[in-house]
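Each of the next two complexes has subunit A plus one more chain, namely subunit B in the first and subunit C in the second.
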Partner chain A sequence: MAAQRKTIKVDYLARVEGEGALHIDYDDSGIQEVKLKIFEPPRFFEALLAGRSYLEAPDITARICGICPVAYQMSAVHAMEDALGIKPTGALRELRRLLYCGEWIESHMLHISMLHASDFLGYPNAVAMAKDHPKVVKNALEIKKAGNALVRLIGGREVHPINVRVGGFYKAPSTNALLSLQQQLEAARSLAEQLVCWSATLPFPDYEWRGEDLYEFVALKHPEEYPMNEGRITSSRGLDISSQEYENHFVEEHVAYSTALHCTLKARGSYLVGPIARFNLNYEKLSPRVRQLAETLNFKAPCINPFQSILVRSLEVLYAFDEALRIIGDYVMPEEPHLHTKPRAASGYAATEAPRGLLYHRYDIDKTGKISAAKIVAPTSQNQKTIEDDLRLMLPRFMHFPEDKLRGLCERAIRNYDPCISCSTHFLQLHFNDGNAEKT
Partner chain B sequence: MGMRKKPNPWLLVSLGNPLRSDDGVGPFLLQRLRQQLGHSVEYLESGGDILHLLARWKDRWVCLVDAMISDRHTVGEVISLDGLQDPLSPSLCSTSSHGFGLAEAITMGKLIDSLPIRLDIFAINSENLAKGEKLSPTVVKAALQAEQLIIAHLSAVSGGPQCTSRA
Partner chain C sequence: MVSDQRSLASDRALPKLAVWKFTSCDGCQLSLLDCEDELLLLAGQLDIAYFLEASSQVKEGPYDISLVEGSITTPADAQRILDVRRQSQVLISIGACATAGGIQALRNFADIQAFTRAVYAHPEYIATLKESTPISAHVTVDFELQGCPINKHQLIEVISAFLHQRPPQVANHSVCIECKLRGNVCVWVAHGTPCMGPVTHAGCGAICPSYNRGCYACYGPKENSNTGSLCHWWAENLHVENTLIIENLRNFNPLAPAFKQESEGRADGDSD
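== the complex of A and B ==
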């Protein structure tokens, strides 16, 4: 007798950025099919870039996301600088890192306080959680405000910054302007420390990746720092490549049920990018104060429970404050806000660490600096298959749950990844059929 | 909209997306009021980051302009509300931070002690929120009417004229 087939359907995923659905078929023998359906329309950013000046790439790609525009700007400027053969150093390099600190704080705090924390305490949303935990939400907003202040000062405004350019910045902030943020950052750092301790007390579901279920973690690695703008692309299974080699190892493919491409490692399949991957591969590069706190809480790399991603994010927020305060303390305003740039026909490649994970850009430009081709691989595209795999692995352990609880757990598992669906649907791949052969 | 102690200056906030036709009436009005009121008022064009709004409006006197859609009012009608007293409709979208709307911000503000001292809302009932940069003629007419109402309101409530018109 055939096993009775059941379906879990979530028509509209809640508390994720963008529009997606979930479809899972299962029966007594196990999970038959998992589909993370992304139906948000594609947004054609790579096509929009074609024909535009190399100087416009950071501002155009920033529009892909209102939550992590800095990440798009950083990958774009690094890729363009790779094409031009220039490399900002010293204070310009540090300012970029400082800007990224601001974005990590903003983005992680939005996810922790507005989208994720309520999952662990049984509330339907952040407003309901705030009724019983007003101080947690209030502190979270104060922490986020400090991140906003950093992005506003360096980027010119909080959302879609306008001060980033190939070669550096349009205008560098004065030393005094940065020092004026110190007090606010120190106060917010103290709140962030409390947030880490609070996150560690949350009731995490008893689920861990072990043995063959352990994903391949992929993140940048830098010899001297926790990765943001620079480093080699490495993995927990020995991958160690430059950004130029990315497309030799990673491949994107269409699946019929999603408007976002799925990215996999050639011959190895799904992998994980994002805070947990960064943390696991770069734990020793966190600041001593952050490591000390993590160890006090008995929480060290590797983190193998995806539900603990909220704790990893809160540690990264704390690290971003340490790093921001260090950079501000050492800052000397550069003589020029940017390096001189001169276009040439070339290709440029870069990967940086967006809040949600590795963000790859590749551009081809002609001798006048016009972009002839662009490729962008967002973190959510890279994690999509892993999210599906995670549900496939996790669900058999919770099949005894009533259906509504099981559905809720599936949504929670997806939110562990903080997917940004709007980011993941930026692609353009057209299929032409002229009657003879299909061309792509 | 009773009198409460006013810290200067007013914070004038617009909500809405200028690339969504009539939804752009808030930013349109903000721009016009900026011309009329100059530095006597602070301005915030909010694209929808309600968390930012919560941080900015705390303990301020806030006048907020936005588009609304209601079949209980005619298109082009200007509705004034006390945001701290009158009920507002919750956001239709509850699925992401994008769906965290004004009503949710007020509720959250009450819970975490992050409310303005007063929140005077001028909403213009609109008809077209599709993609586009043009306001409907009826909505433009209403915006001009709202502009005068707001200037009079800010002046009256502040206890005297604050206009530094550069027109």
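== the complex of A and C ==
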């Protein structure tokens, strides 16, 4: 028996953000164990926020992730504003959405062009892929640059922007400054349209979630728009709650082999957040042009093949351009860059849609504005268990593959989720029993 | 025969570059991928031999240039950095975590066990060092590029300088100079906004004052910064509370000596 037991092991996952490993035990009767091991050292953000000023939350939490700092800043400021009882509206609200559009473009394009596309065409990286497909890679970089330009203009710089403030911004961009981006965004939008069409032609492995294997999709839902900063937390199985109720329905668990906490739904276990969940729950809120293109490609919600997440991301990129151009077209510079903020003792809650999915923040602040407690749940902590489930479901169908091909497929299955391991580790090196996982 | 330590391996077509990650947010290595215009050009000049975030292809060392992101916070990483040093002709630490401990070095001023309990239900699963330390506390570093995050143009300059065996042209003056070059009105003088600009290393382009806020020193101290004097004037002239002054010294570069000493002096003074 023991002799038949086989192991798939990837010691250091490549082309994902952060440090993780994979360990799968299987034999002829099936999969015995799947562990997505996250060994990214923890950084204790929730602890180090204690005692700091509420105004520092967006600057400090941005440092959780260099790839989606805007998401952390957005969830942080919305949670703080909930605590203070204020709500930026009009142009300030639109500017935040515009900034988020920039980050979705940046982050999705990083994943599509640098981490994911080469999987479908058999290259180890984008540079190698660029030798045979120079136009695809160059255009993808051009699209990403437009996202960078948006974040740089509104946020001050691409990584860890400095302009986001509780109540609004430190400085609102002028109408002319935003209009100066219009041409670049238009040009990048048409490249993004080509990218969507190209993504649709990729060879997707034949694997779909069916029947009981279909995950519970969780995403924000807003009555008027595709969700970014606001909305209720909803799911494909009827969940419909406000951010304030999040901790009543979701629970985090500390497992021995991961420095990221596993988050599950109390009632039903694992679930999926991210582009596929958003797309499946909010398809009708995409712009008409994006839906039209999706339908031309015969690709509609629900998307039930995780390998097609690259196509969903490229559609979200296209949507982000439509939204960005709409916001810039309607923009009138606000009179004040931010609302007046006055601390009070309170708790504040917010969930926003990070590029990788739902990002929840909760803060308690005292009457002087010092943070007394913080809780942050990153998208990858929420997807971690689903990624393991996905490997468990997928592998039996590909057991006939030679071992190295099977290992490659497992890595690809993980990359479908664009896991951001740096985000998910609230923050320390684990340790599970010495060496026991290495015995095969 | 002993090879000339200054020369890059000339028998290989391209010098080998490695990018290593320790405890960090990935933002500094991302800066390399953010060089859209230069990336493919750079890939033609260098063999990107080890860069796990961007490539599943790993080539064996030794490497001509290693870029190191992140601070050291675990026993395993304290060993791994020694190995990285052994394999690297030139080792460049990039970013505030690698050069000054990063935001996670706030643990150095607190009780680490209390920190672990605040985040994890089972602290016994967690193995971490008591302190977060910069790369230079463990191995010899050939160049430190400061910033949270680093400036991608400075990164290209540093790589290019080492490729051509010349000193990197990274200005070591203060953010104030960048602010003047940008034509900004001084936020301190005109609006009374506390600003770390006078002691902070250039590189960001003085973005915070350009967006109407004070600099919060994410690039760390400049060479010979007179931090004590600046803090004195924050207190005297702007009436900033001591705790706030300490927090501004203890954010993204808390272990940079000029900031660490001043913050410790002020924390001690406070408790007296």
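Here is the rule we use: the second predicted complex is superposed on the first by the 423 of 440 C-alpha atoms of A that agree within 3 Å, B and C clash if a C-alpha of one lies under 4 Å from a C-alpha of the other, contacts with A are read in each partner's own complex, and residues count from 1 in each chain.
To be clear about the criterion, a contact is a pair of C-beta atoms (placed from the backbone, for glycine too) under 8 Å apart; a residue touches a chain by one contact, two chains touch by 3 or more.
Worth saying up front: this structure is predicted, and the values here are computed from it rather than measured.
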Q. Putting subunit B and subunit C onto subunit A via the overlay, clash or fit?
A. clash
Q: Mind working out whether A:Asn163 is in touch with subunit B, subunit C, both or neither, as first, second, both or neither?
A: second
Q. Given the touch rule stated above, what does A:Pro42 touch, subunit B (first), subunit C (second), both, or neither?
A. second
Q: Please work out whether A:Leu115 is in contact with subunit B alone, subunit C alone, both, or neither, and reply first, second, both or neither.
A: both
Q.
Just to be sure I read the superposition right, which of the two partners does A:Arg52 touch: subunit B = first, subunit C = second, or both, or neither?
A. second
Q) What's your read, subunit B or subunit C touching more residues of subunit A? A) C
Q) Touching A:Lys138 in the superposition: subunit B (first), subunit C (second), both, neither? A) both
**Q.** Touched partner set for A:Ala126, first subunit B, second subunit C, both or neither
**A.** both
**Q.** Selected from 74-82, 146-154 or 218-226: the stretch of subunit C that, after superposition, runs into subunit B
**A.** 146-154
Q: Mind sorting out which residues of subunit A both subunit B and subunit C touch, each in its own complex?
A: 12-19, 66-67, 110, 114-115, 125-127, 130, 137-138, 141, 144-145, 148, 158-159
Q: Mind listing the subunit C positions that touch subunit A in their complex?
A: 21-31, 33-34, 36-37, 39-40, 43, 48, 51-58, 73-74, 76-77, 102-104, 106-107, 110, 114-116, 118-122, 125-128, 148-149, 204, 207-208, 210-213, 216, 218, 244, 247, 251-252
Q | Of all residues in subunit A, those that touch subunit C in their complex | A | 12-19, 40-48, 50, 52-53, 56, 59-60, 63-67, 69, 110, 114-115, 124-128, 130, 137-138, 141-142, 144-145, 148, 156-160, 162-163, 165, 169-171, 253-256, 259, 261, 337, 411, 422, 426-432
**Q.** Touching residues on subunit A, where the partner in the complex is subunit B
**A.** 12-19, 66-67, 110, 114-115, 125-127, 130-131, 134, 137-138, 141, 144-145, 148, 158-159
(Q) Considering only the defined contacts, which subunit B positions touch subunit A in the complex? (A) 47, 49, 51-52, 54-55, 94-98, 100, 104, 107-108, 111-114
